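In the two complexes that follow, subunit A is the common piece, with subunit B as its partner first and subunit C second.
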Partner chain A sequence: MTAIKRDKPYSSTRNACKLCTPLGACVAFKGVKGCLPLIHGSQGCATYIRRYMISHYREPVDIASSSFSEDAAIFGGNQLFNTGITNIREQYNPEVIAITSTCLSETIGEDIPRLIHEYRSIHAGEELPAFVNASTPSYSGTHLDGFHEAVLALVKTFGVEGPKEEILNLFPGFVSPEDLRYLKDVLEDFGIGYILLPDYSDSLDNPNWTEYTRIPEGGTSITEIARTARAKASIEFGSVFNRGNLPAKAETRKHTLTAGEYLEKKHFVKNYSMPFPMGIKATDRFFETLEEISGKPTPLRHKRERGRLVDAYVDAHKIVFGKRAIVYGEEDLIIGLVGFLDEIGMDNIMVVSGARSGLLEKKLEDATGKSPSGISVLDDGDFETLRETAEGMKPDIFIGSSKGYYITRKLDIPLIRVGFPIHDRFGAQRVMHLGYKGTQQLFDRIVNALMEYKQEKSNVGYKYM
Partner chain B sequence: MSKKNKAILPDPSELKEEILSKYPKKVAKKRAGSIVINDPEEHQVQQSNVRTIPGIITQRGCCYAGCKGVVLGPTRDIVNLTHGPIGCGFYSWLTRRNQTDAGADGTNFIPYCFSTDMQDSNIVFGGEKKLAQAIREAYEIFKPHAISIFSTCPVGLIGDDIHTVARTMKKELGINVFGFSCEGYKGVSQSAGHHIANNRIFTDVVGLDDSVRPGKYRINLLGEYNIGGDAFELENYFEEIGITLVSTFSGNSSILDFENSHMVDLNMVMCHRSINYIAEMMEKKYGVPWIKVNFIGAEATAKSLRKIAEYFEDDEMMAKVEKLIRREMQEVTDTLKDVKPRCEGKLAMMFVGGSRAHHYQELFTEIGMQTVSAGYEFAHRDDYEGRKVLGSIKVDADSRNIEELEVEKDEKLFRKDLPEKKAKLEAKGYKFSDYEGMMPDMDKNSLVIDDISHWESEKLIEYYKPAIFCAGIKEKYVIQKYGIPLKQLHSYDYGGPFAGFKGAVNFYKEIDRMVNTRIWKLIPPPWKDQPEIVAKFADAEY
Partner chain C sequence: MDAHLSERKAQIITKGTGESAIECSKQSLAGSVSQRACVFCGSRVVLYPITDALHIVHGPIGCAAYTWDIRGALSSGRDIYRNSYSTDLREKHVIFGGEKQLYQALSGLIDELKPKAAFVYSTCIVGLIGDDVNAICNKVSREKEIPVLPVQSEGFQGSKKDGYKIACEALLKLVGTKNNKAVSPISLNILGDFNLAGELWMLKDYYEKMGIQINATITGDGRVDDICNAHQAALNVVQCSGSMMHLAKEMKEKYGIPFMKVSYFGIEDMSDALYEVATFFKDDSLMTRAKKLVSEELGKLLPALSFYREKLQGKKAAIYVGGAFKAISLVKALRLIGVQTVVAGSQTGNQDDYKLLTELCDEGTILVDDSNPNELSAFVKETGADIFIGGVKERPIAHKMGLGFCDHNHERKEALAGYEGMLNFAREVYSSATSPVWQFTKLSS
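So, the complex of A and B:
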């Protein structure tokens, strides 16, 4: 494994390969039942973030803003905060209001827990929604930090100690609604009681409505979140999470916990942390863990899915073997992807993330179980650096979000769209990444893209491959 | 706009009451002024350009979005650098659909999103050094003609002085470097950003090149952003009628054209909201008059082209205009014959922008559809009520923060002939610097709503059950959950062009497809058991 050396360390970011923290937090909060997020800051952030989520999920995404004015930016926004909360209550009557900060409110040092406290005392005696807040300054970290901060905030705020229950917590990380639906199927097939957090499988991929629903249905309820503290065990997907080694936060980051770690420490819920279940090896680990926790064997259906995937690996091996890939996006997703690609013989990979946890290389080694020489890593990267490096590498395929399209267009090679954002293809909500089934779909897509490429570039025009 | 064939609308007072009843008292009072039951015969005050109420889900974006995204975004040869944390830059990266034709040298920086990507340490210790370094880098990579800097919210607070950095770098690199203090919290919407963009472009760019471009007549087109290729369509018309289009602000534009844009005989203003400032300042400084034009709608296009030819008082040009109109109207008429019977009598509503919600009503009228409700996202009173109210608009704290430039006459370049020409034409009834606003063009009892919220759109839909709703992507999937098609008038749903005659034809077909498709029958609308107050009412007229 090699870290890519830059010819020139740029101080500017040229076509970023990351999004900002409140976006991640809002995605997570959308997976809570009856929840309306409020972004505390200027309205532009909320508008941009909604716009981005909507163009990916193609669903209504209501996120309120406290609409800071210039005065508020100087003197603080508590007045606006109070008005905002009251208006949300009147219009949406939500069960939960989830508040994220922005660069602006963090810079002026808004104390959101205090604002919530004040609001509660002004409105004492009224029936209030539950509140939760995540600190999400974007000058520290990426949307993934925001996502995990939000999940952590949820279990911290709502988890309630009590007698242990026969349930499992599953913290899936930032995956697609289809992935979430799949995970629920798996757990149901195992017959395990579970709490999935967050669960935006419905709220960010709604069926058509016969009645207009101001807050979309679905999501993990706060009563369920309360029970996370009483669960028998937690599984969380990821290995980097929100553990960035960010300079100014270094001190606090040392104590940064994931939701699973927090529950383990505070409520003695055994935590199983593992990379995204992508590919056979990583998915086996997930299923073995489920077997261990439930004491039951993997249901036949999933065994057969595994078998079919192995079978497919064999059949299409000649197409993928030795192909050079560029994989970019969120660190934990990349780690999952690389584990899978390494497995199918695509071991010449460049990975790029806009995050800079400093953990990527190490965690990639863990995931592949070795220090493969074919993998090069660009930490804290952006798309322009990626492009400059990619040109020399002669890649066969890109795997990542829609944002890499301009490079693949130039290089004239296929792009497999995964992760977030996907706004130039239909059905981003239904792209699968996880499990034997998700891996199968990804594998088929990759194989077919390579075949199609070969077919189109061939001057003979194959009809059988 | 022709008023015939339209139903008389019912008085929506009850609807208005119902909408307001859900708001807390103070909020209801505030919103009441933004929701006006139109009477084209009376002059009514439309509250607008006031701060969005926190917690109400708005369509509006921020000042930075208006400055960087809207006005400067479409120019291909300025490297735009966002000074701030990563999100703001990322979200404004290629999100608008302005097209550009990079021409022979291929210079096009639109696909690049440069950001200083501020980190904690920059927030604590200041980001000026990083900014200067980023400018050097952008220069080294592209050797551009100009670099511009856009401030986001935190920058204003930590006190980075982007203008000093710009001046220093201008000296160091020998190219034009200028900055916009367009922090998102300024003003109440994108509109503040438009104004800030206009000001800086006027002081730092316009007037740098005094050469006279070839051609008998020279004009600028202001407030046309080339979404879906609209500007390309119009460029052809100007060429055909023998006019040199010096600069478009800012669809398919180049900074080289901006620099020369004061050397024209006339300014045409499309989007009054985003760009009237430059038109006004150019007139004061260089004597170039401006007229309002509209190229959305076939009739409106014909009218605007004739108006231009009248200005130049050139018979040959007028003949060319007539020939062009005759030729292009053929396809328009043919399409209308096919489309109109299927669309006639249906209801539309549109909430978008600072002028589109007005302009697009023309197209709907042409296919016999009636606009029952409309409003802007970020307009001011003059866009609703007409420029006659300009003197009487109260300046509130939010607008006071946006600088009004003091502009003086340029003694050397001032075109004395143009004001004379203007006076002469005005005496004959020709209208300059004039925009009558949206409200006089709308029907009695239509609802005019500024900065509409989600909640209000819901109520409107239940009441009017329109055949189509026009807005942007943020509203699209909400409205479509009701079984009502939403046409995006920001991105055109990746279609277009919709300007000019060809654009009109495209639009008719598009609306026909949207309102008449069978898919909607699969979605039972939430009100299927309730009577259709307005639609019935309208149908009865035919």
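So, the complex of A and C:
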């Protein structure tokens, strides 16, 4: 494994391979029942983030803004904050208002917990929604840091100690609504009581409505989040989590606990941390953990799903063997994908992430159980550096978000769209990544893309391959 | 829960209820889910289609990431503008300043890309951390010998509309800086068309058929050199007046170039634009050619439209777009295909345009400024609209409410301007409003 050396020192980011922190926090907060996110900053932050999420999920995504003005930027945004909260209550009557900060509000030193406290004292005696806030300055880390900061904020704010309950916390990370539905099926098949956080499987993938629903149904309720502190165990998917900007966080001494780590430390909830269950080995680890926690064997349905996946691996092994893949996006997704591609005999030639935890190489080694030779690792990377490097590498396939399309178009190779954002294909909410089932879908897509490529590039025009 | 916040009452009126003029041009209310964006968005979106310039966003990554290749604006030349460049400011820059970072980024990118000019967009925190962006721009401009223009678009300074003005200010620094183009006395600049899906090329073709030279296109398929020579045109023809009127007014003041406000959406407005331009040049041959062009185009278009008119007769539409002037054209265009407008609104319309819009609309039409999902969903329900004309943020509202949808925003990939565009528009409205899928959404309600 080699880290890519840049010709020039970093001076600009050309076509970013990351998004800003508040976006991730908003996605996570959308997975809380009755919750309306408020971005404490300029109007544009909320609008851009809404547009970006709407284009992926194809759902209404209401996120309020405190609509900072020039005066607020100079004298502080407390007035706008108060008006904002009151207007949200009036329009949405939410159970929870989840506030994310921005580069603007952080730079001028807005103290959101104090603003919440003040609002509560001004409106003492009224029935108020619950409040939670995540510190998400966009100059620090990526959307993944925002996502995990929000999850951490939720368990910190709402977790309530009490007698232990026979339930499992599952912190799935930033995955698709379909992945979330799958995970719930798995836990239900096991007969395990669980709290999935966040759960935007309904709120970001609604059925059609007969009435416009201001706050979509679904999500983890704060009563459920309260119970996370009393659970028997937690499982969290990921390796890097909110350490996407670790060096700078260490400098500013920001803690970097994950939700699972926090609950373990504070409430003695045993934490099982594992990479995304992608591929057979990683999914086996997930199912073995579920067996351990529940004391029950894996239900037959999932055993058979695994069996079919092995069968598929065998049937298509020659199609994928030795194919050179470039994987890009969030570090935890990359680690999951590399483990999977490694076990089907594909060559991972380069991974690129816009995050800069400095952990990517190490965590890749941990996840694959070896030091995969021949992988170039680019963290703090961008798409232009990816493009320049990829051109000489003769890749066969790219795996990542829509944003790499301009490169694969030029290289004339397939792109398998996974993760976020998928802005140029339909059904992003239903793309699966996790478990035997998600791996099966990914595997089929990769195999078919390679078959299609071969078919289209051949002069013969086979209709039987 | 109310459909709208009490402070917003004056921004919503119903035609024919003894209404007073709509209130507009106000800052969005804190806590509302406005469909508007910020100052940066306004500036960025206007300058975006200048194809051979470097556009670099000075700030943390978000603002650049969310505006990467988002417009459907096409180029006949270079495509630098379709990339997203950012100084990607980090903690240390927030503490120690980002000037050095900006200097290095600019110098490196100019060497690499050889753009004709560079636009440097300031985002929220730039002013707060005290970066002297002007000084850096001047320095790099001297060193690299290209214009390097600061666009002071800190998001919190106002609304998207203020961003338009700031973009015009940046353009004004280019206009008049060159005189190296042969410009005919019968020439014009196209202002406020962004060449979405190649619309500008259609318009250019119409004007050229009339015998008019197109000098600069600002900013659709824009070229820095053309903008520098823009002061040589005889006339500025302004569409999207919300964004470009400031530039037109300033050019009139400074260079004495008259301007006229037009719209290219719908048959009436498109034809009026051509006739008004022909009238301006006081040349009968231009008018003759304009009439010939219009009659040829209508000869092809009207028979094709009659099919849609028949199918769409009696349907009702809700319109929510960026500016009110566009809404006016849309009301007329919809009328032409048998569709009645029942809701009409915009993010940033001005008083004059709203006045015209109100006059044009039928009694009972709801007019709204700076709306939000709650209001829009309530209005479509109240009025029983069948189709929504809006942008990407309105689409899911329409679809969730069981309405058809036509994208008329800057991200679209379909040409909707001109005669050809009118046919596309009719086809799009038809294919959405009459789709059989609505039987299922209606059934469940």
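Points to keep in mind about this one:
Please note the rule applied: the second predicted complex is superposed on the first by the 453 of 465 C-alpha atoms of A that agree within 3 Å, B and C clash if a C-alpha of one lies under 4 Å from a C-alpha of the other, contacts with A are read in each partner's own complex, and residues count from 1 in each chain.
By our rule, a contact is a pair of C-beta atoms (placed from the backbone, for glycine too) under 8 Å apart; a residue touches a chain by one contact, two chains touch by 3 or more.
If you're wondering where the values come from, they're calculated on a predicted model, not measured in any experiment.
After superposition onto subunit A, the partners subunit B and subunit C occupy overlapping space and clash. Once the two complexes are laid over each other on the shared chain, residue contacts for A:V338 go to neither subunit B nor subunit C. In the superposed model, A:T102 lies in contact with both subunit B and subunit C. Of the two partner chains placed around the shared chain by superposition, subunit B and subunit C are both touched by A:K18. By the touch criterion defined above, A:A150 lies against neither subunit B nor subunit C after alignment on the C-alpha atoms of chain A. Of the two partner chains, neither subunit B nor subunit C is touched by A:A355. Contact with neither subunit B nor subunit C is seen for A:L196 once the two complexes are overlaid on the shared chain. Comparing which residues of subunit A touch subunit B with which touch subunit C, the overlap comprises 11-16, 18-23, 38, 41-45, 47-52, 54-55, 58-70, 72-73, 80-81, 83-88, 90-91, 102-104, 107-108, 137-140, 142, 206, 208-210, 212, 214, 248, 354, 384, 406. Interface residues of subunit A, counted against subunit B in their complex, comprise 10-16, 18-23, 38, 41-45, 47-52, 54-55, 58-74, 80-81, 83-88, 90-91, 102-104, 107-108, 137-140, 142, 206, 208-212, 214, 246-249, 354, 384, 406. The part of subunit B that touches subunit A in the complex is made up of residues 22-24, 27, 51-65, 81, 84-93, 95, 111-124, 130, 133-134, 137-138, 141, 152-154, 156-158, 183-186, 188, 397-398, 401, 453-455, 458, 473-474, 476-478, 481-483, 522-524, 526.
Within the complex formed with subunit A, the residues of subunit C that make contact are 1-2, 5, 27-41, 56, 59-69, 83-94, 101, 104-105, 107-109, 123-125, 127-129, 154-160, 372-374, 377-378, 381, 392-393, 395-397, 399-402, 440-441, 444-445. Residue ranges on subunit A touching subunit C, taken from their complex, read 8-9, 11-16, 18-23, 38, 41-52, 54-55, 58-70, 72-73, 80-81, 83-88, 90-93, 102-104, 107-108, 137-140, 142, 206, 208-210, 212-214, 245, 248, 251-252, 354, 384, 403, 406.
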